[in-house]
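What follows is a structure written as structure tokens; I'll ask about it next.
Chain nomenclature is as follows: A, B and C, assigned in order of appearance, with residue numbering initiated at 1 for each chain independently.
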Amino acid sequence: MPLLDSDRLFPLESDARGLARALYDTVADLPIISPHGHTDPRWYATDEAFPDPAQLLVTPDHYVFRMLCSQGIALTDLGVPRADGGPTETDGRKIWHLFAQNYHLFRGTPSRLWLDHAFQTIFGFDVPLSTATADDYYDRIASALATPEFRPRALFDRFNIEVISTTDGALDDLRWHQMIRDSGWTGRVVPAYRPDAVVDPEFTGFAQNVARLGEITGEDTTTWQGYLNAHRIRRAFFKSYGCTSSDHGHATARTEDLPQDQAALLFAKALRGECSAEEADAFRGQMLTEMARMSLDDGLVLQIHPGSRRNHSDPMLAMFGRDKGFDIPGRTDYVAALRPLLNAVGMDPRLSVIVFTLDESSYARELAPLAGVYPALKLGPAWWFHDSAEGMRRFREMTTETAGFYNTVGFNDDTRAYLSIPARHDVARRVDCAFLATLVRTGRLAEGDAYEVAHDLAYRLAKQAYRL
Amino acid sequence: MPLLDSDRLFPLESDARGLARALYDTVADLPIISPHGHTDPRWYATDEAFPDPAQLLVTPDHYVFRMLCSQGIALTDLGVPRADGGPTETDGRKIWHLFAQNYHLFRGTPSRLWLDHAFQTIFGFDVPLSTATADDYYDRIASALATPEFRPRALFDRFNIEVISTTDGALDDLRWHQMIRDSGWTGRVVPAYRPDAVVDPEFTGFAQNVARLGEITGEDTTTWQGYLNAHRIRRAFFKSYGCTSSDHGHATARTEDLPQDQAALLFAKALRGECSAEEADAFRGQMLTEMARMSLDDGLVLQIHPGSRRNHSDPMLAMFGRDKGFDIPGRTDYVAALRPLLNAVGMDPRLSVIVFTLDESSYARELAPLAGVYPALKLGPAWWFHDSAEGMRRFREMTTETAGFYNTVGFNDDTRAYLSIPARHDVARRVDCAFLATLVRTGRLAEGDAYEVAHDLAYRLAKQAYRL
Amino acid sequence: MPLLDSDRLFPLESDARGLARALYDTVADLPIISPHGHTDPRWYATDEAFPDPAQLLVTPDHYVFRMLCSQGIALTDLGVPRADGGPTETDGRKIWHLFAQNYHLFRGTPSRLWLDHAFQTIFGFDVPLSTATADDYYDRIASALATPEFRPRALFDRFNIEVISTTDGALDDLRWHQMIRDSGWTGRVVPAYRPDAVVDPEFTGFAQNVARLGEITGEDTTTWQGYLNAHRIRRAFFKSYGCTSSDHGHATARTEDLPQDQAALLFAKALRGECSAEEADAFRGQMLTEMARMSLDDGLVLQIHPGSRRNHSDPMLAMFGRDKGFDIPGRTDYVAALRPLLNAVGMDPRLSVIVFTLDESSYARELAPLAGVYPALKLGPAWWFHDSAEGMRRFREMTTETAGFYNTVGFNDDTRAYLSIPARHDVARRVDCAFLATLVRTGRLAEGDAYEVAHDLAYRLAKQAYRL
């Protein structure tokens, strides 16, 4: 008996379900466009085997270990490395057993759906993971990982990935991207320009980072113009590796469009480490507008991912560092926040600004009305905690009537969990087909149009919006 | 093959669908009560033929041109007039082709449903609008508009409108309403009292507007009491034309109930143009409470429409002026904001205050609990961007359990798009019947009661709440 | 013909409905765990007959009289006592007729479902309440109430209540709980520690209340340490009566973790009545963290119920006092507000903090992400205005994917309406089974797992989370 229901995520009612299935059948095997994600370019460069099952599926996946943590399981028992280098569990099988024993915690979650998808379609399991099956799971996955068929590049082909974007710091030398290129392998892996370390005055080592930016570009980054030039140079460097987008993960959606002399003064203050929190926020907001202006020149797509309050727990940040499941969304305003940027460049159809949210209350109220009128603005898909069946359904239900389908940009997986990529795209395709089938069967969309939209959402819009 | 599915917007499941259809059949042909809208009284007064198809259906409809704009189509290519009188497209057929060519953008939107409803039921089309059919559409619509059957009054009868309210400035002489009266035509068209220009200190020409208000009422509007009297006189004047409501579209739901001497001082400051933004907001809030008190005397219903951030784009405001699709909703608070007014008059069952929202997060949290206890407060229907199948469904799902049906006021179309009026009321009737059928088939409402509620929502509640 | 549909609240689609029914059949008769409520311990202590039907079902139920009030019915006509002791209706039959005459107002509301459930299952009615049946209803209910089978303890057994918690002020002598114990009756009724009167500097008589706290504990509550000790002593006293939880109904979710000397200074200021509103709020927030620390010692579960703006109407507060249906929810933030408490004790799996909300926009955005990672945090069920079919559905749809089922705590009825308790638990069990059946039939949950989760949600999780 399979782990997966072949009609999963389709409407309950049989006629709509049949149409959803028919729509899905036309898009299920389309290549994956993955324009925003966090897989490690080193995997594709070196094509080494993945380590043991726990190191692949449990220890690095914050969706997984945060749920276990919420029920009192220590991160050290899951092998999560400590910031001080202190002891953490290294026995993969032991970690795997702890995970299997608590697999019921994932009932009803997307993680369960993604994991079961990988277990069934990648490793061929047909009985659920449990304490009883933990060893069999561990052994079979471990064996598989040792074979060539489970190396990163082989999986890339098997996953039918047409192109994938990694996310790379502005100071990154893109050595793995170079190595991929040198290797002659034809898989298309491109970088994205993520300049947090050199645009956020509150980032650790900001001034040194900006100095380093100057060194590697040959610009005088102690001046505002030199600093902007250095960005332009790095963006061109990234573009030379196929990069088509920049990515910005600020706490708020604030943008600014200050007069250049004021921006220059703010930059100088930031370099001196003298910005107040408010000034640092203003500077980050200014840089979004600057990046948008650069996009008008070089064509990079601008992605804005606001709304996460990072590192909510002080003791956990001290013990384990960043990105350990303690980033919590908060209320996020877009209407006033995006106005300076939109006033500056929002009417230019050559520009593509893709905005994401963790605050679903903004979908129908703010984001759809904004994207439904500004040529430069598009809506990114349901993101992070909302990258789920219910989250995707709410996204479509709350944005389509005002923004339509064509101000959205298809799906991106946003993940560092390589094995979950096919599962995530599959969920998105199913949920979108279910939504379309429901529209058709309630007289809101012509059946022929639904087939076209299904293809657009699964494939074409991501390619077009990200210029891939 | 028809453009419209006769079972559109009903539940998927066949038994609930059958009941929804049965409920709908009892209300589908009820007369239209349109207590709040923006059609032009001149249409009914002069009964002239509408201009060409583009001027009727594309150029004046901000739902339509904002979507085209969002995909990079210039408003001038759609014939939208420029503020500076500069060149804009005047060739109706050319505009129509551009619209037809991009008709796919409206897939899944209420605009598509409204347009197809007009195309099929008013003009008799049975193939969808597309590049291929654009000329046929244009020609047939243009021909029809030239015939007597498509004049405003003939359509009024055909639409089965029992009464429609226009929206008119406080300084308006209601000449078109007078002309309707003089004409002997029996269609019931009534004005609504919209005093923005004379209650908002930030409105262009506020002081002159108030002076003009004094002239036409014979009151000394340089004094607070004279100013209030002038409002009373204008309200009586509007009432003499059948007006039953006033309408207030502030940015927030703020109300105030200041001591009269403080209100007088604030008014004086406003006349001198010396109000801060905060004071202007306070004055607008005070005027809501003053209007509510006047309502206790003259019986006009008070409508509050807060939450739109007007004219979001500076360049578009400069180029095209107001009401060009760049009004964007924002978060709106009601609990603290309405308290002064409700403390003053909220317990008086003679008063009818109808409140609308663009912030759906307030439905279940704030508006239903308020309307579910204050006798004076009622909930207006899903509004503007939420005047759609999903928006109406969310409105019922999030308000009914706390406010019931009888603290809501049926539907209003709020539109200046005359041809969309039957379509909009039809959507509301269908969505409400679908909701009621779902309640019945899930054991939350008796079937017999559902028929009564369906009639109330489609007809009776609007008549009663607006005293029409 | 019964008042209740036996398949009520199940999915429309027949296959999912069949599974929901099958799931429900396994949990319908489980004992009721009622870990948070407001029934009067005196009922169980004295076991006296309830007064007339109106005094039982209309006059004390704010869900019922607020809806009647919203349509202009005076609370005095419903027998609600006036704060000044002035005249109010005392004729139960007259009140009952007014209620019956307006029973249509409750269409589509949970109150209607709860009342019909009581009418059918407790009193055996099979025709709906209406003007025509009002007298029959009144007579039969009045007769029943006079019989031993309708005394509180008999109903306790009939309702199959395994344990019920009352809510009791910190200064309460728990005399009724003592009387229950002395009586030898074996029904399990336990108190909950609700210290508002002695932790909220803005509570009427705060300083006197704290002085009284000192008297009854023998501690010097003029000092911070004595005050904290007095809490510890009262908590132990409550525990000796079976108490397992404390309960905190602040306006916001704010917590603080001030240095102890600062907390002591703030406490001294509070005792002197010199706290600003901001300081009073900080003190309440500090006390949540102090209570959490005490919980680590004594094991009491900490419940936080924020978000209600109490006594919205000044005239109604003056005329009728508190708790008269004029408490209105407002926006509530959790991410920043809970951080001090969570930083202090949130990683300790021995602690159980249960948080509720009236602001559904926080479910997916804030509460599920927080509960999905902090071991100490659990989510209370849909609460108050959201204790309804739609409210419960939204709760599951918006929390499950991020927090799973096992960071929620089952259902609690939170009611003072004794006869509604079986109905409310029945609604929760049905809605949860409908949700689970939908997950199974859309391939998101294994059918076998659904049976286990149904049992957990109906019974086990409440017992476990509340340590009952």
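Keep in mind that, in the parts below, contacts are C-beta pairs under 8 Å (C-beta built on N, C-alpha and C of every residue); 3 or more make two chains touch, one makes a residue touch a chain.
Chain by chain, the UniProt names read as follows: A, B, C = Uronate isomerase.
All of these numbers come straight from a predicted model, not from anything done at the bench.
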Homomeric contact subunit A (Uronate isomerase)-subunit C (Uronate isomerase): same or different residue positions, threshold half: different
Superposition of subunit A (Uronate isomerase) upon subunit B (Uronate isomerase): rotation angle, C-alpha, nearest 5 degrees: 120
Distance from subunit C (Uronate isomerase) to subunit A (Uronate isomerase) - Cα centre to Cα centre, in angstrom: 40
For subunit A (Uronate isomerase), residues that touch 2 or more chains besides their own: 12-13, 361
Contact footprint of subunit B (Uronate isomerase) on subunit C (Uronate isomerase) as seen in their complex: 4-10, 12-14, 66-67, 69-72, 104-110, 112-113, 128, 309, 312-316, 325-326, 328-331, 358-361, 385-386, 388-391
Subunit B (Uronate isomerase) to subunit C (Uronate isomerase) touching residues, read off their complex: 11-13, 15-16, 333, 335-336, 339, 342-343, 346-347, 349, 361, 364-366, 368-375, 377, 397-398, 400-407, 438-439, 441-446, 449, 452-453
